[in-house]
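Okay, so subunit A shows up in both of these, paired with subunit B first and subunit C after.
This part shows the complex of A and B:
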């Protein structure tokens, strides 16, 4: 159990956030907004943080999740709760299919080539959906009317407010457990070697492709569940230009970097900071949040390449708190 | 017959646009070739060039073709500034850092532009007539853009081949340690190439507006970033000349396939054309990452 001690501060942050949200009137939505950013940070960290590969097309996995849920709710509405369960299944299935496609092509590439290839996958998929008019093409899928007709306004409302939030929270808790499991297991050690020097890792006899794929699949699966619950279930619509919007990928990358790539606590703290800042900046300076974030991103990259948690861990080395922070 | 006329006029248009695409991608390829940095903020610099043309025309009625000089100067200065303040510190950092820094810079420029110039579409109308063909009429502005991009590319070629600095840049692309041993000040070459790359990109932003004079907007660059990636990979990442030729291929293919895909019922040709180009990008990356034209 000692290895799982670092989960303690992470869960403490989640619980405190949720308690604040549930007890203070008007704070639940901001807290869920923050939880979404924590979620995409934790999800992407499982790949980018652990392998060091920059996936600029990560949002495509959230999009696949969003479409999986939308397809289930749109075409199998009569199943009720079953449609939601089917939606999560389809979300996982679609993202796994995309994983196989991307894994076959892009994961053979490294560095800048990998980054460009993933942009290609994201944009290509988006334009395939728009161009070939798959799942409604550029008009997307709008569910609210259909859900209200099938379930009645109360249950539809219950789905999009309560169920969606609960699903997102569960996914985030599970995602953090998966991260600590990966870090502590053989997979984590192999990925650490891979991140430092892929060729050397190969020479030592580590099956780098296998471990890269494990991290990739895990991260994609979590991402798709977040897309299914925080987007489709909560907002009840899916538009291709929204769900393939490359800025979400970038936000997730910023969160991973700010917190410290490959750490457990990092994306949680930075997701909290990022989400809260973004929410309040959009209130104070509507439309100009990015103007404040861009310099912040540049400063982090230049001055603090290890991120917040990486920096704190360096300071705490040898102290008793050290083993709680990962 | 109408179809063939349309195809022919679209292909002519594609070739003219392709020249500008090529020039617009040379900066990206130059920066990658010399510094191994992918300029993911590429589009923001194109947008700056477009606004340079717009403001010079609107405020001082300077024809856009003349503001390319101004745009080049702005781009060189900006590139030098960015290199000295940010990129210089990241030369030994992993690729992740430079990608993110360039992305941050791109967003920063776009948001700053939005802060000052607003989010609306603006445009200008510079009408200097055109040449009439039996099938279509081609405005002189587009021909001007095409010819300027060829002249600029030719001047660059001569500069790279003949001058000492040009040779030094090529030496660093070939082998940076080797160049260092031969007495090339690599850091100076980095700064120069980065500034030149950004300068070229801003300059080509001016030429882009000759094709879409009313499509000037602070977020117009995103599209060009993605196209530039496809073109750069097509020409072999890091080879400015490959990128220039690939621009023509891309312009022709884009406009040609748009016309052909329009024949398929029930699809949106605009979206499918994009899909085809990105699928092509993936295939090239997988099969021949050195590019269609290059081969090392």
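This part shows the complex of A and C:
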């Protein structure tokens, strides 16, 4: 169990955040906003952080999740809660299919070429859905009316407020457990080796393709569950220009790098910082939040090139707290 | 007994063919060297044998069994490993972490303690440096870590791609001494080198490649006498 100690501070942060949100009037929505950013950070970290591959098309997996849930709720509304379960299943299925398509082609590429190819996948998929009028094309899928008619306004409301938030919270807890499992297992050592030097990993007998795919599928699956709960269930609509918006990918990458790529605690802390700053800057300086954000991010990235947690770990080396920070 | 047998091996990069039918044999317990001018296909030969580049045609047999299409990680499990050109260490890990990660396969983990003892007896300096980050070592020490890490995979055959590259002359001699010691340990070595005369000193058999084909082969004495060496390297 010693190796799972680093989960303690992570879970402590989650629980404290949720308690603050639940007990302070008006803070639940900001907390869920922050939890979303923690979630995409933790999810992307399982791929970008552990393999070193920069996926600029990551938001496409959230989009697949959002569409999976939307398709289930839109076409199988009569199943009730069953439709929600089906939605999560379709979210995983769609993202796995996209994984196979992207993994088969783009994961053969390295470095910048991989990043560019993934942008292409994201944009290509979005224009395919809009152009071919799949799932409503550019008009998207709007569920609120349908849900109200089928379930009544109370239950529909309950779905989009309570159920959506609980699902997101569960996904985030599970995602962190998966991260620590990956880091501690043989898979983690293989990923560490291939992140440091892919050719070196090959000569010591590591099947690099297999481990890249494991990280890719894991990260995509978590992303799709976040898309399904935080977007479709909560907002009750899906528009392609929203769910394929590349801005979310960039934000997730920033969170991973800022917190410390490949660490467990990193994306949690930086997701918290990023989400809170974004929320309050948009209140204090509406419209200017991104302008204030850029210099702040540059300063932090220059000051902590290994990310916040990388920096803290270096300072704590040899101390008893060290084994709690990963 | 033949450790490695390569027949009519062809491969290349993309559309460009580099190897045009390589034939070679490596006897168990020997040091075999591949020489040749730049661009002759020496490194490509090693990479194709190891599976980093897919063979287009031909046969690679390891200990009498076909291994032509085995990917690198399977070859390591069978007992082949490679010391890549330019060392390719895990720079942010300590020396010991590099070594232990070298024993990733099941075959290697079963022999972990034995391999670690062997490595530290061959390279006492690495024991002193075991907690140091690999990226902070000198070039010669890094080369030793690269060879040591290869030993950690518990191999029978080691493919070495220019181990003396970029090292000071004194260190070059040290690396070649190490290769000799590996043979004494019963290992088989296939070496690619630019350093012709130093590598012939320690080799049992040599091949000279030219434009993707074997131009000359023979025992070290035969090669020394051959005009091909002079032609290939001196250009007369």
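Here, the second predicted complex is superposed on the first by the 322 of 326 C-alpha atoms of A that agree within 3 Å, B and C clash if a C-alpha of one lies under 4 Å from a C-alpha of the other, contacts with A are read in each partner's own complex, and residues count from 1 in each chain.
Following the convention adopted for this analysis, a residue touches a chain if its C-beta (ideal position, glycine included) is under 8 Å from a C-beta of that chain, and two chains touch if they have at least 3 such contacts.
Being a predicted model, the structure only gives us computed values, none of them experimental.
A.B. asks: Assess the superposed three-chain arrangement around subunit A: do subunit B and subunit C clash, or do they fit?
C.D. replies: Partners fit side by side after overlay.
A.B. asks: Which partner chains sit in contact with A:200 here, subunit B, subunit C, both or neither? Use first/second/both/neither.
C.D. replies: It touches subunit C, and subunit B stays clear.
A.B. asks: Which partner reaches more residues of subunit A, subunit B or subunit C?
C.D. replies: B
A.B. asks: Based on the superposed arrangement, let me know which partner A:177 touches: subunit B (first), subunit C (second), both, or neither?
C.D. replies: neither
A.B. asks: Would you check which partner chain A:298 touches, where first means subunit B only, second means subunit C only, and both and neither mean what they say?
C.D. replies: Touch partner of A:298: subunit B, not subunit C.
A.B. asks: Thinking of the overlay built on chain A, is A:316 touched by subunit B (first), by subunit C (second), by both, or by neither?
C.D. replies: In the superposition, A:316 contacts neither subunit B nor subunit C.
A.B. asks: By the touch definition at the top of the document, which applies to A:189: first (subunit B), second (subunit C), both, or neither?
C.D. replies: After superposition on chain A, A:189 lies in contact with subunit C alone.
A.B. asks: Tell me the contact category for A:213 with respect to subunit B and subunit C: first, second, both or neither.
C.D. replies: neither
A.B. asks: On the combined arrangement from the superposition, state the nearest Cα-Cα distance between subunit B and subunit C in Å.
C.D. replies: Scanning every C-alpha pair, the shortest subunit B to subunit C distance is 8 Å.
A.B. asks: On subunit A, what residues does subunit B touch that subunit C touches as well?
C.D. replies: The overlap between the subunit B and subunit C interfaces on subunit A is empty, containing no residue.
A.B. asks: Which stretch or stretches of subunit B touch subunit A in the complex?
C.D. replies: Touch residues, subunit B against subunit A: 32, 36, 38, 40, 86, 89-90, 93-97, 99-101, 103-105, 107-108, 110-112, 114-115, 119, 222, 226, 229-230, 233, 237, 261, 266-275, 278-279, 281-282, 285-286, 289.
A.B. asks: Would you pull the subunit C residues touching subunit A in the complex into a rising list?
C.D. replies: 50, 52, 71-73, 75-77, 81-84, 88-93, 101-105, 107-108, 149-150, 152-153
A.B. asks: Spell out the part of subunit A that touches subunit C in their complex, as residue ranges.
C.D. replies: 186, 189-190, 192-193, 196-197, 199-200, 202-208
A.B. asks: Name, in rising order, each residue of subunit A that touches subunit B in their complex.
C.D. replies: 52, 54, 56, 105-106, 108-109, 111-113, 115-117, 119-121, 123-124, 127-133, 137-138, 246, 250, 253-254, 257, 261, 287-288, 290-291, 293-295, 297-298, 301-302, 305
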